[in-house]
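Both complexes below contain subunit A, partnered by subunit B and then by subunit C.
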Partner chain A sequence: IYLKIFLLLRRRGKLAALSIAAMVILVGVPLWWKTTQTYRAWLPVAQINELAKLQLQLSADVEVVFARGTATPEQQKKVPVTQTQDEDHAVDEDTTLRYRHETRYRTATVMEEDALKQPTAAEADLSLHRLSESPCGSLVIYVIPESSSLLPENVNVYIGQRRTALLRIGAQMKVGKTLKQLLAHLEPRVKQILQVMSFSHNDITAALSDRVRFSPDNKESIADSMRAFKSSPGYEITFSLLNPDPKSHRLHWDIEGAVQTYIQPLLTKLSPVANFSLDSQILYYAMLGVNPRYDSSRSAYILNADSLAHVINPVEARLGSNAASSNPVLNFLLYVPDAHHSPLYIHDHKKREVQTNAFHSPRWGGIMVYNVNGFYQTGTNFPVDVNINMAKVMGVFLAQLRLLLGVQSTAPPSSFQVAPCGSSGLADWELDRLMWSRSVENVATATTTITSLAQLLDQIGNIVINDNIAQQVSSAVTSLQLAVAELEVGNLGFALQYSKEAILASEKAFFDPSLLHLLYFPDDQKFAIYIPLFLPMCVPILLSLLKIVSEVRQRRREKQAKKD
Partner chain B sequence: MLAILLTDSAGQFFSSGHTNNWAVLVCTSRFWFNYRHVANTLSVYRSVKRLGIPDSHIVLMLADDMACNHRNPKPATVFSHKNMELNVYGDDVEVDYRGYEVTVENFLRVLTGRLPPSTPRSKRLLSDDRSNILIYLTGHGGNGFLKFQDSEEISNVELADAFEQMWQKRRYNELLFIIDTCQGASMYERFYSPNLMALASSQVGEDSLSHQPDLAIGVHLMDRYTFYLLEFLEDIHPASKTNMNDLFKVCPKSQCVSTPGHRTDLFLRDPGSVLITDFFGSVRKIEITMETINLTDPIKQMEENSGNDVQTENNTYVDQLPVSEIIHQKPKQRDWHPPDGFILGLWTLILLVFFKTYGVKHLKHVF
Partner chain C sequence: MWIGFSLLMPDCFSLSFLKDLHWCGVCMSVAPPHPHTNTDSFQEELVVRPLHSGDIYASFQFRTVWEADFSRGNKVSHYQLFPKSLGQVISKFSVRELHISFTQGYWRTMQWGQPFLPSPPGAELWVWFQDSVTDVDGTWKELTNVLSGIFCASLNFIDSTNTVQPSAAFKPLGVGNVTDHRFLRYATLPREIVCTENLTPWKKLLPCGSKAGLAVLLKSEKLFHSSFHSQAVHIRPICQDQRCKSTSLELRQTLNAVFDLHTSGQAKREWSLFKMFSRTLTEACPLASSSKIYIDITDNSQGEQFELSPASSLLSQAVVLGDRRTFSVYDLTDQATFGSTRSLNLLIRDMLRPLLHAERYVAGYGLQTGEIHTVMYNHHPYRSFPVLLLDSVPWYLRLYIHTLTVTSKGKENKPSYIHYQPSKDRLRPHLLEMLVQLPPNSATEVTVEFERALLKWTEYTPDPNHGFYVGSSVISSLVPSTVATNTSITQEQPLFSSFFPCKEELSYFVRVYTEPLLVNLPTPDFSMPYNVICLTCTVVAVGYGSLYNLLTRSFQIEEPSPGLAKRIANVIRRMRGVPPL
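Showing the complex of A and B:
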């Protein structure tokens, strides 16, 4: 009977061992796996990989209008006619560009002819603009006969303030009889105008610099790409008046009025591109940090170009900035030299006086030196009240602002005359160019951000991907696809808007604070953590299982032996 | 006509492709006897400020406060040389991360830019693709790691990954990484992103030694490598043309006892053409403004009845320290973990079952 009890207990022991093993394998292992898994929301990886190969198509509509005297009646019969030109460029293995220009040729209407009869080109431009307004991104070129008096002798092309240009062609004899010959004659001239007024290959490839690190052969384009600020949803502009000598000069500047009259129109025009916030300050006892030389021949103090580089740093330490936003800051400083160092002039590298008396630093801002010694005679009682001529000051600052924001200013060919930009400080076609390059830049930056984020999350398996990140990524992908589609069609305004949304969403996803990868465990550390937990538990289970197996096998052998 | 004269200034643009400079200076050790690490960091901070980088472009992280430490016999000073020749603390030090804020997480967040939206501008590294960044780390380190705050460490793999993320987002143009710890060369072994240059005070297997103790203060004041680095930098002024090859020669084995190392294979330019001021100073590029816009409209007079029209903007900002949370401190919701002692209980259960079924004397059958 003791044997029976013994066997019963043995059996219970075996059952216990088996059930514990079963628990561990069936319940424990899945539970451990689930609880140590990181939560990763689904990302549209396929679409992201598609976007990695960027194929951009930029379309612009051009209208070429023949005024009276430029086309023969036979040629006029065949018009209106539309031509499409495609230009393909492969920038690198992942990026291809296609430029499409749809050119529509037609004859001028009666009202346009009247407008072209104005005495000067500027007035003609104004009255043409009153007739019809061209949509964003498109251009109208009016072809005027050689005999026209609108343009002076040596000028063949006049580029207006809005989206029109006047092109003068040679006499009809030279051009040709058929429409084809006329169009062939016009094509290179039109192309030249497009290089200046619409997007050019150099601008677009410069805008793609985030995707493509290329070395351009043009010195100017390197400097251009380094000078302008990168595309950002907002900028802060700060105007500072530096008065190192309040004992002698009491300066008054109507900054609010000046900003409202001169700067605000430009910023309002640029509002589809970015938001701007403005502030101003006056700093007293702020010195330049560089000692100017005294030049007795001109009886003035001189700052030469080499020492200008060291002017900015001591002043920058004193300039405040808005602690709340991380937008790039453009600083414009107006420095009024103290009475002992007046007048102060800036000389360029060739030792010539600079007319504007101002200089700027790429991606930082500009400084202008304003001499006030002409406003009072020596011997007057100090302090002297001085009213600063804001129109002159803002003229310089506005020019610097245009450069720093990337309003490209490649010099046009010599036979071109460009109208001075109007009171808003920016011509319409310049705005279009800026919008083209900004859209392309935004699309390029957003695609690199998204693809590198997807790559990063793929590589590091331990990062948690929350739902909001997945949502941001999806919305960035959608906006990018829409932006590329709008660029293809030629809707510049919508393309820019979608590209801005894409950039905001992609930056938000990439810089989300929860994506910090702190979960790197070297393999030996992983072993060190798990072995003391699981090994002591597993050893008895495994050994008892082995014992059970060996007993079963032994019994089977005994049974075999008994049978035989 | 809009035309810009670039003939001479274009030459400046090619020597380096950067327009602004940033510096991230980190001291990772706390406690009074690690005085020398704080002095190291502050002396690099002082050189960098002297050569022109403004405070808004410097992120200074000090893990402990030595100047106002109870054990400092000369309060409000941190000296770098015995006989108290040079007070590197000065009177305009701006520390961005102090004390317990200096953690591996915060350091990586600063580098990669993944900071919460409420972080102020002075605590962020707002560099762009044209910034040259100087990163200086000092503290106690080992083969492949650097110790932060005596309780955590950053490994060289994490650092290399952080730099790769910076490169992916184009957050730097060129980066100079200097580390002054024991076995410092191991920290730059794993770098794989382009445009990185690294210097370390000692090779793997070597210890970086401190310079000299000051008997009045009672601790070692500086580490050897940084001491000679400071001496070298004191001779540099903003217009000097010394290049990186001279920096590699700082503190040879005879002075430093350990062998300083450097790594330049990932750097695109030749180190001989890289100026010290490209990283330690902040020399701006300048262009003369050649054109101006003719503005003829008179200034619009602002109307005087603006008092009625003044719109008060409701400023909103992210709740940094919501008062209700401070008052009603609720414990944070944490993930559920098995209760403590669960594993221990599990062992006990299993062992009990076995002892019961097989009996103690049969234990030898199991094992």
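Showing the complex of A and C:
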């Protein structure tokens, strides 16, 4: 009987140990896991990984219109024709680019013929624009006869203020008889026009610089790519008048009127690209950081190109950051040198006087020196009242503004004539070029932001991912996909819009303060807190489990021995 | 960040572009831009008043008036004398009035009299928003963050737990008829420490910076070596002219300092600008329309107390805080002021006792309950006058409002108006406003009991044993004046006497701040959570271990072990193949 009870008790003990172990493993561990888990909302990881491999296709519609006398009747019979040209570039292993130009050839309508009969190219351009407005990103090229008087002798191509260009067809014998020959003759010239008026590979790769590391060929192109501001949904433009010597100069500038006349038209035109806000201020006793050298031969003060780098930092302390927004600030400073250091001229690297007496700093703004010596007359009493010639100042600032905003000015081939930009200071095709590169840049920036955010969240498991972040991420991903799709179809306006939304959402998610909460709460500290409970609880369970296992093994061995 | 630079070369493109631009200007016959009507003006002023305690009080005021109308939602973005950073804040957040002060030290009213512009120790911010603001709390939060960036101060610690909406004590100081206190926010940070990093951005707001004019004297090394230092920015709309058809924006920057020259090692009772500020003045700010120094010589009309050199023939009388004072005036815009010497030496003693004065302390013992005592003194010999007391107490001091008693001269003094808003834990503080009549020549005591709350361990400050600050009480009052005041605001008035608008002739407006309180809260041992975890875990582990043992161990009766002889016998028997015993 003792033995029986003994065995029963032993079995009961074993069962108890096993059931406790089972309870701990089945209930305790999941409960602990569940209660100490950080909340991580679902992220569209698969789609983000897809975006990491970016395949961008840029499509532009091009219409080539034959005016009367440029195509033979046989050729005219075969049009309209549509040709598609694809150009593939692999930028790096993750990014590929494809440029697609859909060229449609047709003959001119009667109204277009009338428009082309205008005496000058500029008037023809205007009346063609009135006939039909081509959508954002598309181009129309009118092929005009060799004998046309619209263009001067040595000019073959006229690029208008809008999205049209006039192309003089070559001599008849070169053109050939069949349509194929005609098109083959036109193709390189159309391509040249597209290089100027539509996106070029250089622009697009420069816009991708956020995503792809380049080793640019020369210093020039680095400087070019770093000059313009990064794409941003908004910019603050600040004009500052620096008057270091209010005792000698009483300066008056009509900034309000000047901004209305010169700057506002450009900004209105650029409004699809970004929002701009304008303000101005006058700073007194604001000095430049360097002492200009006195040149006795010219009785003037000289600021060398080498020392310009030191000019801005001391001034910048006075400019004040914009308290009311976090958009990048473009600073334009008008510096009126004090009476004792005047006149002041800027010299370039070759020791020549810079004609505009101005310079700009990449991604920061521009500075112009405005000498007021003309107002000093013998026997004038200080302070002198000075009215600043705003047309002169704004001309320089406007040119700098165009450069800093990234309006590219590629030098066209010599046989091209580019129409002077109108009152807005920006041609439609220039805006299109800017929009192309801005869309691509936004897409590149947003994809890098989103992928690096996904990587970060993947690497650090402690970070809580709230629902609003997940929502921002998914909306960024959706906007990105839409932007890429719109670029593919050639809807430039929508593509830019979606890419802006994508960048806003991705930045919002990336810089959300809630992502920082648990970043620095390491695992070892967490386990230090658990050890006092877990160690005493787990040791007996483990020991008894070991004991049971060893007993089972021993019994099996005994059984084996018995069998043998 | 500065990367590099490149010259703007007039390449052929930009040249043609510029030409084109000129063409636009000529041919398009652009309407001539409307002439500049906005004119800003700037005034600066320094008042020096010797105090009877032997200290010397210097008060700077800089006033920038900007004739721009914000009230109709105009977007104004061109700045001349007015600082751009503040202008942007005002237009972005639709601020109607903004008052911000940073103070180091406590103004001793009993020894020093009334300051021209009172301020509590630490930082104080109160803002009236335009009535077009819909989300006042959100705007307030953003505004405090932006201001903390502008002034390099910890104003971003202002949140709902220390913000109140006083119903009566803080009325708009500028023109306008919005008095709905939903658009008012008031907060103090009694703990804020004021130093050089707050002075530099403050000086940057001045048109001349610290390069010319009176601001040259503001050298932080000397200013912060003083018994009291207070700097403030007040922005409010004011009338442009007598008829008040349009308003302009006034920015007043004030800086008050009390120098104790006895402790700074100069036993001689002799003061000079150079000794106080270690600078002298050489010119007025060329942008200022007026730049003046006033020396209070009321007690020195015959020159018996001190001597001013160089002497000024200009005398001015002004009624300040109910007292007619005489000032010696130095006009810095006049070149004759800067004769051969450029420093002022002076000596003085004695002055009036302030009519209204208040102090505050915490009574009680232990860490559970306590009592706040606020004592307000009326030193007027025969007139009684009402005062508005505003108290904002953090939620972790739970006020027992039923214990609120107001006693004057041993008798109960019933307040004629009480506005009490109870606190909500971790959301908002207590707000107590009372209108109390102070009998003549008396001390009125307001007491209220409180209980100290236990905070969560993450809510304690890094140095919890230092105690928790409770902001100053604010006592605002119209004190009967012995001198008739001129109520019409004219330009000729010195700046220091024209800040608070006067409505009655026979009284003047005074605001008195009490000391901030430092209250100890029960503070836990912060290593305790880990100790508690360890202890609890040990207890659980011991209980669990014994239970586990009971459940899994099998118990059996142990048979007594056989003796040595029996064991040996058994071994032998086993060897022989015989069953053991």
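FYI, the second predicted complex is superposed on the first by the 485 of 564 C-alpha atoms of A that agree within 3 Å, B and C clash if a C-alpha of one lies under 4 Å from a C-alpha of the other, contacts with A are read in each partner's own complex, and residues count from 1 in each chain.
Criterion: a residue touches a chain if its C-beta (ideal position, glycine included) is under 8 Å from a C-beta of that chain, and two chains touch if they have at least 3 such contacts.
Keep in mind the model is a prediction, meaning the values are calculated, not measured.
Asks: Overlaying the two complexes on subunit A, which is it for subunit B and subunit C: clash or fit?
Replies: Aligned on subunit A, subunit C clashes with subunit B.
Asks: Which partner does A:Gly257 reach: the first (subunit B), the second (subunit C), both, or neither?
Replies: Touch status of A:Gly257: both partners.
Asks: Between subunit B and subunit C, whom does A:Pro513 touch in the aligned arrangement: first, second, both, or neither?
Replies: Only subunit B; A:Pro513 stays clear of subunit C.
Asks: Touching A:Tyr284, do we find subunit B (first), subunit C (second), both, or neither?
Replies: A:Tyr284 sits against subunit C, while subunit B stays out of touch.
Asks: Contacts for A:Trp436 in the overlay, against subunit B (first) and subunit C (second): which applies, first, second, both or neither?
Replies: A:Trp436 contacts neither subunit B nor subunit C.
Asks: Quick one: classify A:Phe359 as touching subunit B (first), subunit C (second), both or neither.
Replies: Both partners, subunit B and subunit C.
Asks: Is A:Tyr99 touching the first partner subunit B, the second partner subunit C, both, or neither of them?
Replies: Neither partner.
Asks: Between subunit B and subunit C, whom does A:Leu456 touch in the aligned arrangement: first, second, both, or neither?
Replies: A:Leu456 contacts subunit B only, not subunit C.
Asks: Give one of first, second, both or neither to describe whether A:Phe276 is in contact with subunit B, with subunit C, with both, or with none.
Replies: A:Phe276 sits against neither subunit B nor subunit C.
Asks: Using the superposition on chain A described above, determine whether A:Ala16 touches subunit B (first), subunit C (second), both, or neither.
Replies: Both partners, subunit B and subunit C.
Asks: Given 6-14, 312-320 or 564-572, which part of subunit C has C-alpha atoms clashing with subunit B after the fit on chain A?
Replies: Only one listed stretch clashes with subunit B, namely 6-14.
Asks: Which subunit A residues contact subunit B in one complex and subunit C in the other?
Replies: The answer is residues 9-10, 12-13, 16-17, 20, 223, 226-227, 254, 256-258, 260-262, 305, 308-309, 312-313, 321-325, 346, 348-349, 354-356, 358-364, 366, 391, 394-396, 398-400, 403, 409, 411, 420-421, 423, 425, 533, 536-537, 540-541, 544 of subunit A.
Asks: Would you mind writing out the residues of subunit A in touch with subunit B in their complex?
Replies: That would be residues 9-10, 12-13, 16-17, 20, 209-210, 219-220, 222-223, 226-227, 230, 254, 256-258, 260-262, 305, 308-310, 312-313, 316-317, 321-326, 328, 346, 348-349, 354-356, 358-364, 366, 368, 390-392, 394-396, 398-400, 402-403, 409, 411, 418, 420-421, 423, 425, 448-449, 452, 455-456, 460, 510-513, 515-518, 520, 522, 533, 536-537, 540-541, 543-544, 547 of subunit A.
Asks: Any idea which subunit B residues touch subunit A in the complex?
Replies: Interface residues on the subunit B side: 1-10, 13-14, 17, 19-20, 52-56, 104-105, 108-109, 112-116, 120-122, 124, 126, 128-130, 155, 157-158, 161, 165, 168-170, 238-239, 282-302, 317, 343, 346-347, 350-351, 353-354, 356-358, 365-367.
Asks: Looking at the complex, which residues from subunit A come into contact with subunit C?
Replies: 2, 5-6, 9-10, 12-14, 16-17, 20, 223, 226-227, 238, 246-247, 252, 254-258, 260-262, 277-282, 284-285, 305, 308-309, 312-313, 318, 320-325, 346, 348-349, 354-356, 358-364, 366, 383, 391, 394-396, 398-400, 403, 409, 411, 420-423, 425, 529, 532-533, 535-537, 540-541, 544
Asks: Which of the residues in subunit C end up touching subunit A in this complex?
Replies: 2-10, 13-14, 16-22, 24-25, 28, 30, 32-34, 36, 77-81, 83-85, 88-89, 91-93, 146, 149-150, 204, 207-209, 211-212, 283, 286-287, 530, 533-534, 537-538, 540-542, 544-545, 548-549, 551-557
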